[in-house]
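Both complexes below contain subunit A, partnered by subunit B and then by subunit C.
Now for the complex of A and B:
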């Protein structure tokens, strides 16, 4: 039973981690939380559905193409929702993101309809571990693929020239522009990477939880909780925070209350804010502030 | 350059004049003889509040499609009182506040004769005071016993055109205990009002046999991962699972119950468990699920079967409950207008109370009292991803003199 819960908690946790990572990248780049991040998850899932079920492409290829297309969606999102307001107050950008979230949600409903849809699983079937714990292979696939993507993103940010450009822009846009970094391109890349990360989560979750146009709201809220727990602005914090949220949800549901799963997450959030307001990995952002 | 612009302008003007002239000629042909009778041909308006956006927008999609079918059928047959009907739709947003706002927007139009409420008892109860205040005949798609009592006792303008959940839930529990022989049940349900209400009715249905559910597992709307919920059910060691929730959650729940090793356990569910959307999403896992449903597209009712066929032809989807319900609601309102011989709201309301044996697509209707007007439902089992009707559920209307 505990193993079953562990696998379920980790797999949903890594997806929250992916969404949270995407949110953190945008937060670091432009200093504002993207409240439409959950909709990237939904939109990525629907693009994967289009490629897999409507154009009959294999699921692996559909996932890759859908996440690349999400990169383009991220750039369009940046150009329409953030860039025109880049010199405005943060609250204007937040409202703009909320508006974009409605556009994405209702746009998806107009394009794909209200009937929930699904895509093929990356791996079918399940296995029984430790006698009675049934683990679906799709959960394992989510964990493995998400871990690989997180590792690749870490390498991209820390070890590549493009990553350094993105980090430099995130630290100080003005200084970055003075040393010749094309700021718009760098921010565009950050939004693209953020949408890519979150979008692939949508395609991975779709066969388990199905797609509908409002699925992003709850996932986005949990990812936000993950960021606060992990530490604002920290990529590692986003991953660890996502895992904590996933595990609290799974074990809290089984051992404390299924009705109050969400409440348990927010109780944890309040506790973190009371005793470690900067989050687990939140030191850096405090120094920056 | 100027010359090109001038030519373009002339072409545009010529095109514009031609375009303007075309409909004038056409409309002149149609309206000229009817100019005196123009007001007589003015459509009779009926309002519909349904959920077009947000979490429950599937309902709005079904309802809008159902409306297209019934509106065309009635108008092709000559309309009512010699006038066509027109359905005006407002978005209820899937919330009770949204439902009231949508209702009041429709009520502002004095030409609207009656209003059809959304497929939620909560929404229907929320609009009840407005219906009473504004005196507009209003039909409710919700099936809760509380709504039934409100319609019967508190609001003569509100009609519950649906079989009450009490009948359906009790019937399903009777089947599970008497025919299935099951004794140990787990109940898993959404905490939103109608599902929680259905879970309560399932519990009451079991209580008639002296059975208490071994475990009751509630979950909040939007839950996607049921591992912890199902783990609790596995620990309880039950013979059967009873579920109450909407379509998407029902499909995920069924899939996860099967995926976590409970491959043969019988599942008894609320309306949504045999819905076409649930069946399509859950795939093979849905086979063996039992449900007491108001509507399935495989209904033996001839009118319902014809509607299901037409819906499939037109929209290439199986007909959902909300489509069939609004189809019947419009038919009944039109029947009441016909009986009243006028579009006066009070006369239509009185005429509605005279309808007592009306065969609809979903079921037979008896409107002599306002609550529990749908007289039955269907006991179904899903086999090979098709909802097979095992029995028709009927109940006698209780009319207090």
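Now for the complex of A and C:
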């Protein structure tokens, strides 16, 4: 029983981690939280549904294509909702992202309707572990795929030229341009990567939770909680925070009440803010110069 | 440093009647001057006279209202910032701007990345060149995997110049490199400027330390309220009554 909860908690947790990572990448690049990040999850899920259920492509290929398409959505999102306001105050960018989230949400309703849909599982079936724990292979697949993506993103950011460009731009756009880095390209890549990460989560979660056009808000809120718990602006923090949120949700739902799952997450958020406001990995609150 | 006969050479960078206003404030009014390869050109003037604005116009942070900025015969006023860096215009800041979340090596390598983008052929000698530059900057004892915060203010300023020079620029714009530095660090700055001159880079030096400006610049121009009030060789500038009135105020170190 416990093992079963652990696996499902970790698997939703890593997806929250992916969303949170996407949010942190954008936050570090432009200094503003992206309040449409949850909609990237929903939209990625629907793209995967379109490829898998409407165009009958295999699920693996659908996931890859959907997440790549999400990269393009990320660039369009950046160009339309962030770039024209890049020199404006942060609150203008936040409101613009909220507007974009409504466009994505209602756009999805127009395209795909409001009846919940689902996609195929990556792996079917389940196994019984330790006597009584029934573990569905889809959960295991989510954990493995997400962990691989996280590792790849880490390598991309730390070891590649593109990653260095993105990091330099995130730290000082003006200085980056003065050493020859085209800022629009670098920020576009960041948004693309962020939407890619979050979008693939939508396709992975869809077989377990069903897709609907309003799922983004809750997912975004949970990812936001994960970021605060993990430490604002920290990529590792986003992953650990995501795992904690996923585990609290799974165990709280089982032992306390499924009705109060979200409440439990927010109670934990409040506790973290009271006793360790910088989060787990936040050494200090990072202020963008 | 040898003096150059400017008449035979083509200027590397040329400003022609550059104008910029911010609302009612004229930050640059019909500014014109030329920079030649291997020359140190001084830009002085009281605070708020428009020196840093000129650097921002040359690097592309601000766009000019009118006039041209010509690099190697090509007008670059419409070129975006990162392309101006790629054609060889680099600058440093009054207060060093380095990547605080990266280590020293990563910060320096931005200069190499720029050199690669500029397709400078002999970047394979990068290690050697970096060694020479770090020695000139007095940074040989620094552990390159340390974070930027481990460096003193002066060392950070030096690192910025090293990064700029690693990209083998055509024009190096130095915004008050000596401000806040001690004597020893000042000598490193002079080493680095010497290095630039040997590589035929033209150096535009904004500086308040008059003894430094007067001793190393071949020519200079003086700004006051966005106007060019005098241009010429250091000895002429020092005698110029308008300059003395506007800036020097009778003292050789008016700002300090």
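The working rule: the second predicted complex is superposed on the first by the 283 of 289 C-alpha atoms of A that agree within 3 Å, B and C clash if a C-alpha of one lies under 4 Å from a C-alpha of the other, contacts with A are read in each partner's own complex, and residues count from 1 in each chain.
Everything below uses one rule, namely that a contact is a pair of C-beta atoms (placed from the backbone, for glycine too) under 8 Å apart; a residue touches a chain by one contact, two chains touch by 3 or more.
Given the structure is predicted, the values throughout are model-derived calculations rather than measurements.
Colleague: Scan A:261 for contacts with subunit B and subunit C and give back first, second, both or neither.
Modeller: A:261 sits against subunit B, while subunit C stays out of touch.
Colleague: Quick check on the superposed pair: does A:209 touch subunit B, subunit C, both, or neither? Answer first, second, both or neither.
Modeller: first
Colleague: May I ask you to decide whether A:84 touches subunit B, subunit C, both, or neither, giving the answer as first, second, both or neither?
Modeller: In the superposition, A:84 touches no partner, neither subunit B nor subunit C.
Colleague: Please determine whether it is subunit B or subunit C that touches the greater number of subunit A residues.
Modeller: Counting residues of subunit A touched by each partner, the higher count goes to B.
Colleague: Which partner does A:31 contact after superposing on A: first (subunit B), second (subunit C), both, neither?
Modeller: Touch status of A:31: no partner.
Colleague: Quick check for you: in the superposed arrangement, does A:99 touch first (subunit B), second (subunit C), both or neither?
Modeller: neither
Colleague: For A:171 in the superposed arrangement: first (subunit B), second (subunit C), both or neither?
Modeller: second
Colleague: Given the touch rule stated above, what does A:253 touch, subunit B (first), subunit C (second), both, or neither?
Modeller: Once the two structures are laid over each other on A, A:253 reaches subunit B alone.
Colleague: Contact-wise, after the overlay, does A:181 reach subunit B, subunit C, both or neither (first, second, both, neither)?
Modeller: Once the two structures are laid over each other on A, A:181 reaches subunit C alone.
Colleague: Just to be sure I read the superposition right, which of the two partners does A:60 touch: subunit B = first, subunit C = second, or both, or neither?
Modeller: neither
Colleague: Going by the contact definition given at the top, which residues of subunit A touch subunit B in one complex and subunit C in the other?
Modeller: No residue sits in both footprints.
Colleague: Would you tell me which residues of subunit B are touching subunit A in their complex?
Modeller: Touching subunit A: residues 53-55, 57-58, 60-61, 191, 217-220, 222-225, 227-229, 231-232, 234-235, 247-248, 251-252, 255, 259-261, 277, 281, 317 of subunit B.
Colleague: In the complex formed with subunit C, which residues of subunit A make contact?
Modeller: 161, 164-165, 167-168, 171-172, 174-183
Colleague: Quick one: which bits of subunit A touch subunit B in the complex? Just the residue numbers, please.
Modeller: Touch list, subunit A to subunit B: 1, 4-5, 8-9, 12, 106, 109, 113-118, 126, 128, 132, 134, 136, 205, 208-210, 212-215, 217-218, 249-254, 258-259, 261-262.
Colleague: Can you list the residues on subunit C that touch subunit A in the complex?
Modeller: 59, 61, 80-83, 85-86, 90-91, 97-102, 106, 109-111, 113-114, 117-118, 163, 167
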